[in-house]
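Once you scroll down, you'll see the structures, which are given as structure tokens.
Both of the next two complexes hold subunit A, though its partner changes from subunit B to subunit C.
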Partner chain A sequence: MIEEIRNKAKELLETKTVDCVIGYEPATDNLTSRPVFIYEPSQVNRLIFDETCVHNLSKYLINRRYKPTGIVAKPCDTRGINLLLNEKQLRRENLFIIGVVCSGIRKVRFNQIENSMPTKCQYCSQHTPVIYDFLVGEPVTEAPTHNYSDITEIENMSPAQRKAFWSEHFDRCIRCYGCRQVCAGCYCYECFGDELDPLWVGIRIAPGENWVWNTVRAFHLSARCIACGECEHICPVNIPLMLVNRKLEKDTLHLFDFEPGIDTEIVPPFATYKKEDKLGTGE
Partner chain B sequence: MAVSHEPRIVGFLCNWCSYAGADLAGTSRITYPANIRIIRVPCSGRVDPLFVVKSFQLGADGVLIAGCHPGDCHYTEGNYHTRRRFALLRPFLDYLGIDQERFRLEWVSASEGKKFSEVVADFTETLKRIGPREI
Partner chain C sequence: MTKVITKEDLLSWLRQLAEKYAIIAPVTSNGVTLYKSVGSSEIDKINLNFSKTELSPKNWFFPPSETLFTIVKDELPRIIPASVDREAILFGLRPCDAKGIALIDKAFLAEPADVFYQEKRDKTTLIGLACLSPCLECFCTSVGGGPADLTHLDILLTETAEGYITQATTEKGKQLLTGAPRQEKEIIPPVLPSLNLILAEGITELMPRVFNDAYWDRVADRCIHCNICAYVCPCCYCFDIRDYVSKGKIERVRSWESCQSPGFTRLAGGYDPRPTKGAHFRQRWYHKLLYFPPIFGDIKCTGCGRCVRSCPVNIDIREIITDVQRMKV
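Coming up: the complex of A and B.
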């Protein structure tokens, strides 16, 4: 598997199909992996792929949109690429996608690879990349299924319990905006969280400011979140952000029968409307 | 001893229909509860979900979005977009701890002064029943 990726990357760089291949290399702790940008064919042996390759590299493509780039992508990352292509942020002709079949990555805690998987993988059934030029591994033929048992659990709580549940989590937020920085869908030049006039998200420490940030961040990604789980992975205070994102994913699927990042051409639900929409409200 | 609770409603009214409808309610001397604070917006499609979230954060007990009936939008399609956004935002806010009943979308045309007063009266009644929102 790793050899296949290295050979392909070498071929791409030698034939000058791309200037750069974005992939993973071992991190300095000899345990996890980190993103790497390979420019020289002689360097391709740095590339690896294993169950610690958690990062979604599609975010890096935004800054390289005009330069031919190769990328090693897991299924969830290919959905990110699809999202960016759909929103006209990337050029397909400048991309070479080395898709990797993935059956889930592992959590790393206290310098040990754990046996459990992060939330995104527990509920993921998309094991084959949705878009690729070169595929590594055997494609999985089973159709992806949806499992929202974790969301239903919270939906079934009483309103008071739910409120307590979220205030407990959001009160921890330090508004580092890491969830935004790492998100492939967050590429606005000026985020509403950075605006000073009007000051949508206040700089004071007061109830509700964290709530505003987390609510609106998630809503800006409604029908766009590709469930790569990077926001939850990066969060320094362990807010279960996938529970927020997946609620919107569930409702979008239910209301509009839409899944982000599956297709590059389909018009997303908030960019269009139907006169005969039956959404259970305002008909 | 319980002090009666006067809910505060933030109402985003579209300039072309609902604001004119509210105006008609006024000029026709129709009474409606003074609990609503009206913000005039060019179209119900102008109401960013951020405005709604911000209103709730700053202590609103309820948020009302009112616009032209489907098909009557001054900008042809603004209210269809509002409808889609609202359909997703309402259950989402409910999920994050804001009761569904505190957030409403209503279609009020320029000739429906009576309907506007009924909507506000009914919404105020509902909010009084649920009681104040804990922040």
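Coming up: the complex of A and C.
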């Protein structure tokens, strides 16, 4: 698997098809992995792929939108690429996607690999990349299933319980904006969180402002979040952001029969208007 | 003979202290360990076996946000300065974190001192816990610290099978300890752990030579420019100030800010003196390793390893220091 990735990366760089391949290399703990940008064919042996390759590298494509770039992508990451293509943020002709078949990765932290899978993998049924130029691994044909049992649990809470649940989590948010910076769907030139005129949310790192930040961040990703789970994975204070994201994903699926990033061509619900669009809360 | 306090006595002493002082101590919930204010009925919640808190104790002196003063529209405008109402005990600091506070002191207490910081600092006693099982990413001994370094603490506690060895280093600490129920015991102090060493020595002299190296752009490729490293750091202290204006009231608020955030050096008109990803990224390391040392005498790093552990893309200060050493020409 790793050999295939290295050989393809080498070929792409040698033939100047791309001038950089974004992939994974071992991290400094000699246990997990980290993103790497390979510019020289002689450097391709740094590339690896294993169960610790958690990062969604599609975010990096935004900075390289005008440069021919190769990328190693898991199925969830390819949904990020599709999202960006769909929203006209990338040019397909500038991309070479090395898709990797994935049956789930492991929950990782620096110096630590857990035996369990991260939340995103537990609910994922997309094991084959949705878009690729070169495929590593045998494609899996599996009907996508949807399991929202974790969301139903939150939905069944009373509004007061739900408020208490989220207050407990949002209160400890430090507004590091890690969730935004790591997100493939967050590419605004100026985020509402930074905007001064109009001022949507103040700089105070306090419960009220944290609620505004976390809810508006989530709403901006409704029908757009591709469930890569990076926001939740990197949150330094362990806020279960995927619960909010998956609630919106569930509603989008029920209201519009739409899954973000699965297809490059279908116009996303918030980029169009149909008279028959349902109104409601998704129930 | 050494003076020790048993775990039970320590907790009941803290319970007693909580009547007079605000106690700030490590508490674990929702999978994260943070310094929290604990009342006398909550002393049992204190986690005495944590390795390292997710956020540093700097939050107590330099909170994520604080109101500096309020102006109320009266007949005459009145300025109400913020103030601390109670003396506090910051309990369970690792020696590296105490050093982090000492480093922020250098910047915030230099004349003219930051009064908001100073008030909290003056009213707080620091009780440390020696670090007997450091994390793999820790490197305090490489930057002048140590797992049982008591330099920047008022009291240091070192855990043994017989109880905690108590050492007071300041007048404040000695006075506080007089009320603690301690016993004299014959105790062999625990062997301190040894940590991985990195060669940080001489790094300040090397930094100017590599300022324009393409290295910074290459590492910055990977950086996602979140503020995690700065916010978990025990000695990063950049902030932003804004006014909250509401009917008849203006509050001046200070909040954490970081050199990695998008608008950090953007000026009116849109010009940014750090225009590239690399220049943006480089600032963090130059502040820590080059700009701070000649003014304040130390590199601005305690070796706590929090940024190493929390960085989403494994930007590792140990690796950066080693790489710069290798670039030596």
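Things to note:
Throughout what follows, the second predicted complex is superposed on the first by the 273 of 283 C-alpha atoms of A that agree within 3 Å, B and C clash if a C-alpha of one lies under 4 Å from a C-alpha of the other, contacts with A are read in each partner's own complex, and residues count from 1 in each chain.
Please note the rule applied: a residue touches a chain if its C-beta (ideal position, glycine included) is under 8 Å from a C-beta of that chain, and two chains touch if they have at least 3 such contacts.
Here the structure is a predicted model, which means the values were calculated and not measured.
In this superposed model built on subunit A, subunit B and subunit C occupy separate space and fit side by side. Across the overlaid complexes, the C-alpha centre of subunit A sees subunit B and subunit C at an angle of 90°, to the nearest 10. Of the two partner chains, neither subunit B nor subunit C is touched by A:D150.
Contact with subunit B, but none with subunit C, is seen for A:K163 once the two complexes are overlaid on the shared chain. After overlaying the two complexes on the shared chain, residue contacts for A:E11 are found with neither subunit B nor subunit C. By the document's definition of touching, neither partner reaches A:D19: not subunit B, not subunit C. In the overlay built on the shared chain, the residue A:W211 is in contact with subunit B alone; subunit C does not reach it. By the touch criterion stated above, A:V36 is placed in contact with subunit C alone, subunit B being left untouched.
In the superposition on chain A, A:F270 contacts subunit B only, with no contact to subunit C.
Residue contacts after overlaying the shared chain place A:K247 against subunit B, while subunit C stays out of touching range. By the touch criterion defined above, A:E51 lies against neither subunit B nor subunit C after alignment on the C-alpha atoms of chain A. Figure legend note: subunit B and subunit C, brought together by superposition on chain A, show a least Cα distance of 11 Å.
Note: no residue of subunit A belongs to the subunit B contact set and to the subunit C contact set alike, using the contact criterion stated above. Here subunit A touches subunit B in the complex through residues 154-155, 159, 162-163, 166-167, 192, 200, 207-209, 211-212, 215-216, 218-219, 222-223, 244, 247-248, 251-252, 255-256, 269-270, 273-275, 277, 279-283, going by the rule given at the top. Those residues of subunit B lying in contact with subunit A across their complex are 49-50, 53-54, 57-58, 70-71, 77, 79-97, 99, 105-107, 134-135. Within the complex formed with subunit C, the subunit A residues making contact are 27-29, 32, 34-37, 55, 59-60, 63, 109-111, 168-169, 172, 174-178, 180-182, 190-191, 194, 202-206, 230, 233-234, 236-238.
In the complex of the two chains, the subunit C residues touching subunit A come out as 30-32, 34, 54-55, 64-65, 135-137, 218, 221-222, 224-228, 231-232, 240, 242, 244, 253, 255-258, 261-263, 277, 308-314, 316, 318-319.
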